[in-house]
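Chains here go by letter, A, B, C and D, matching the order in which they are written, and residues are numbered from 1 within each.
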Amino acid sequence: MVNKIMTAKQAVKKYINNSDMVFVGGFGHAIPFAIAQEIVRQKICQLHLVKTGADIVFDMLVASGCAQSLTCGWYGNPGIGVSYIISQAVASGKLKLTESTNFSMMLRLHAGKLGIPFIPSPILSDGDLADSISEVKSIICPFSNTKIKAHGALNPDVAIVHAQRSDINGNVQLWGSIGDTLDGCEASKKIICSVEEICEQDEILLSPHLTKLPAHKVVAVIKQPFGAYPSYLHGFYQRDEKYYENHSTNSKDTSKVQEWLESVVFRHHDFDSYIQSLPDELIRELKWSGT
Amino acid sequence: MKTETLNKNNQGPLVLDDSILQTRAAFMATTEITDHQTIFVGIGLPCLVAHITQNHTTPNCHLVFESGLTEVVCKTQPLSTASANIAKTSKMHGSMLDVFSMLQRGEIDVGLLSAAQIDIFGNLNSSKLTTNSGKIISLPGSGGAHDISVLANKVIVVMPADPRRFVNNVDYITSPNNPYRNRKGVVGVATPDAYFSFETGQAVLQKIYSDRDAEEINASLNWDTKISSKLETISPPSNELFKDASIFLNTS
Amino acid sequence: MVNKIMTAKQAVKKYINNSDMVFVGGFGHAIPFAIAQEIVRQKICQLHLVKTGADIVFDMLVASGCAQSLTCGWYGNPGIGVSYIISQAVASGKLKLTESTNFSMMLRLHAGKLGIPFIPSPILSDGDLADSISEVKSIICPFSNTKIKAHGALNPDVAIVHAQRSDINGNVQLWGSIGDTLDGCEASKKIICSVEEICEQDEILLSPHLTKLPAHKVVAVIKQPFGAYPSYLHGFYQRDEKYYENHSTNSKDTSKVQEWLESVVFRHHDFDSYIQSLPDELIRELKWSGT
Amino acid sequence: MKTETLNKNNQGPLVLDDSILQTRAAFMATTEITDHQTIFVGIGLPCLVAHITQNHTTPNCHLVFESGLTEVVCKTQPLSTASANIAKTSKMHGSMLDVFSMLQRGEIDVGLLSAAQIDIFGNLNSSKLTTNSGKIISLPGSGGAHDISVLANKVIVVMPADPRRFVNNVDYITSPNNPYRNRKGVVGVATPDAYFSFETGQAVLQKIYSDRDAEEINASLNWDTKISSKLETISPPSNELFKDASIFLNTS
């Protein structure tokens, strides 16, 4: 079995290029903050990010200048509010935003997963979003002879994702809320995955129903405990709600945004160093409880 | 946006963090839900509606969230559609594709949404607002709102009674009230005072709480609506329900 | 919570009608023999069966006269050979067979699951199967401007399926080899499911990643131990290889086919009685071992 | 179907249950597989090929079966693509849609198939045979064969050297050798004696075991093929490999 274990530093350097289309895994859960921070640290640029609903990890990729464009159905701070960073980047012309809907993005990633050029769906036939997305085109359904929209496939160059565990070969096990993660990963040409734990092949064989990413397209496995922090990981740690709330307040102020990047990314040579800088008490508080 | 009618009637803009007003709006929405229905639940006020259906009014409804969480027991308030609290009380961890597919197949009886603006035709805006001075304020966007409005068998909107948000024409149509095939689209909007129906094509005051005056409420929201000739009077929720809802809202 | 527990007799009587389009779950695993036998016992007729690869349970539904038509990508005795019963029924005009491919059937069921009229795919563009299936039509892809096939959605009236366990409300948990089962069930208007065990809601809440069928469309839950026999059920029992081998030999001979139906179906008032008629030793031998 | 050449050259129709002949055919197929490739494995002889790649020739290949079983360790012979033995040694229980999607995305490097008939253009028949007397014999049908032939990056067919099954034109084209986009389609067929390539559009004897005579083998199969000017000679498998394959074939 091929050993795909490497550091986030190595994985980002080797597998993410300027101008790549990047799918960011995690939907309100298991958001790959560690890998995203390394992208920022390495100043990879001109990225085209694609997603259904974009969480605050997108703020980091936009504020740092890594992202040149974003296609998504929603962007903001889940349960809290709008993304000041993305709104300002769009207003100032630094970011090209294509607004869509979560399901249209889901279908476009799913078409990518299926390996077909498009999926038909009646959504985006009407309203002010219709006709604003060039990859959503009108066709005639050959069964009903009525109009329907063809939602064009997305096949990102790379998917970044965080999960509970993997073996060294990239049989990645993920559980809890799934969102768009699996379709986005399968649609992508390659997958970079960070995990809490590396486990033995035997453990995988005992639980093949938990293996969710096909090893043949996982190119890098990064052992990164807390790799989804400040988001949560089912069975491992809770979301840091205060982080999300503070982010909303701080990100209104452009000067504080650079401070934020400095304190969570640039001050640390890697994600472990960042996590070690957090208060022990916080880490204890975030410990997963319940099912 | 017309703001001159704000505070008219002294009912004022209703503040979202007022648990009594939220509960009144949510309970009003539940009057449009029957037992055993499958409900696609948006974040915010829709979660309180879902909680009340399950704990008080229609206990056998099936709750679905866009993250893929299915058969959720909505005991505590989720901050996002994928929050840990609802992941822990979900009986099926499906994917986003799975639940939007239910929607597209026509199996979602009720979509519960909120919006930044709603117009008299039931169109919803969650994308951008234009201020009086012409400045554009960006909002987080459709998310699943457009999709739910097109694909659910019917959509019930729940909103605070803020007249700035009830308009004759929305600034931007994120979710057109133009549903797929024989689905009903946005059938109405519940507020802390009343329920307006769009079933005749244009908003009509259809239900009102017994402690509110129909003429006053109809005039308070800054849009051109009529009072239904078959206006229904709804008793406000019980103290027990208010209490439970308040606990729910404080759990987030 | 609604209690959906009933017997196979009740479920088939209540939810399966003559002329229904029926999706039969299970792909080389977890084949719903118990429910199928009850369909035969109740002589439901003119059924249109749809499936990717059709196992010998289809022989039973055809030999008994329940099936009027079959649309599938493959039919036979897995690993053993052809289906004499289906070939003869087609030759004698008793069964209308539409031959397709496993992936085209999979895509048609998946289109049904997605709730869309069709899925585009390049398969069935050429060869002698192309143009023989009226629900697979040529269209022009609006992205590439080249021809592609639109594989029309299937939405069966009812799916029959066997699984490991469920709560009384129809939160059905299934694991092991999946095949086309989930898409076929989701595409269907309603699902009838037999299970080895009824479990508590609490057990479901501890393992929501194993729940695979959405309770809102499961209309009947049948407690039926050994309900997939002679097929296998992951974690519960092995396939009865001798049964499959004998079936291949016996089904060549038309007179023996009626004997087979008599001995496995009509002689028993229900599936429990059939299972009780099997030698204890066989039941012991088939016990699942290993993971 | 022409049967007059049967048993010509005294090599006779090769019987499938002969483990040595099966192993020779399977091993010949493995000479077309390189390490780290992802292989979509059909039932029958393809499983033996898969086993040999994993245990002997290219140990890092990824094996996928149409049932959805993925990352399979093919220790024992499966009777179907969903058999318990391979379900137990699979590292990922995907669905049929998942694995056919890999195929359609172009991620399957090699599809391994068998067929009832193959013609000199690499078209495959798994649907129906017409006997000399005109009687039609129904076969189980395409299954995934058509799909694999169209969508895999390349397809290798493995068959016993039965001349009735190697024809100039198949009775029915189940799987046309007309692949999607830039995929290669059916690139060749391995037999217990040799490997015929279709890469020039028509079958050419490309590889032969060192214990076989190219002229004889080329003439034995009843189809119009040529011997490649770059004919390669392959050493037959080792005794160790024969022994292991025989154990594998007896496990079903």
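In the analysis below, contacts are C-beta pairs under 8 Å (C-beta built on N, C-alpha and C of every residue); 3 or more make two chains touch, one makes a residue touch a chain.
Not measured: the values here are computed from a predicted model.
Chains that touch both subunit A and subunit D: C. If you compare B-C with A-B, the chain pair joined by more contacting C-beta pairs is A-B.
One finds 41 Å separating the Cα centroids of subunit B and subunit C. Annotation: 29 Å between the Cα-based centres of subunit C and subunit D. Mean C-alpha position of subunit A lies 37 Å from that of subunit C. Touching of two or more other chains is recorded for residues 114, 116, 121, 175-176, 205, 209, 291 of subunit A.
Across the assembly, subunit D contributes residues 87-88, 90, 93-94, 97, 103-104, 151 that each touch 2 or more other chains. Every pair of chains that touch is listed here: A-B, A-C, A-D, B-C, C-D. Against subunit C, in their complex, subunit A makes its touches with residues 114, 116-121, 135, 137-139, 141-144, 148, 150, 152, 175-176, 205-206, 209-210, 291. Against subunit C, in their complex, subunit D makes its touches with residues 43, 66-69, 78-84, 87-88, 90, 93-97, 100, 103-104, 123, 127, 138-147, 150-151, 172-176, 178, 180-181, 252. Remark: subunit A residues 27-29, 52-53, 72-76, 78-83, 86-87, 90-91, 99-104, 106, 110, 121-129, 175-183, 232, 234, 238-239, 241, 290-291 touch subunit B in the complex. On subunit A, the positions that touch subunit D within their shared complex are 1-2, 112-116, 155, 167, 171, 186, 201, 204-205, 208-209, 211-212, 214-217. Against subunit A, in their complex, subunit D makes its touches with residues 36, 38, 60, 62, 70-71, 87-94, 97-98, 101-107, 151.
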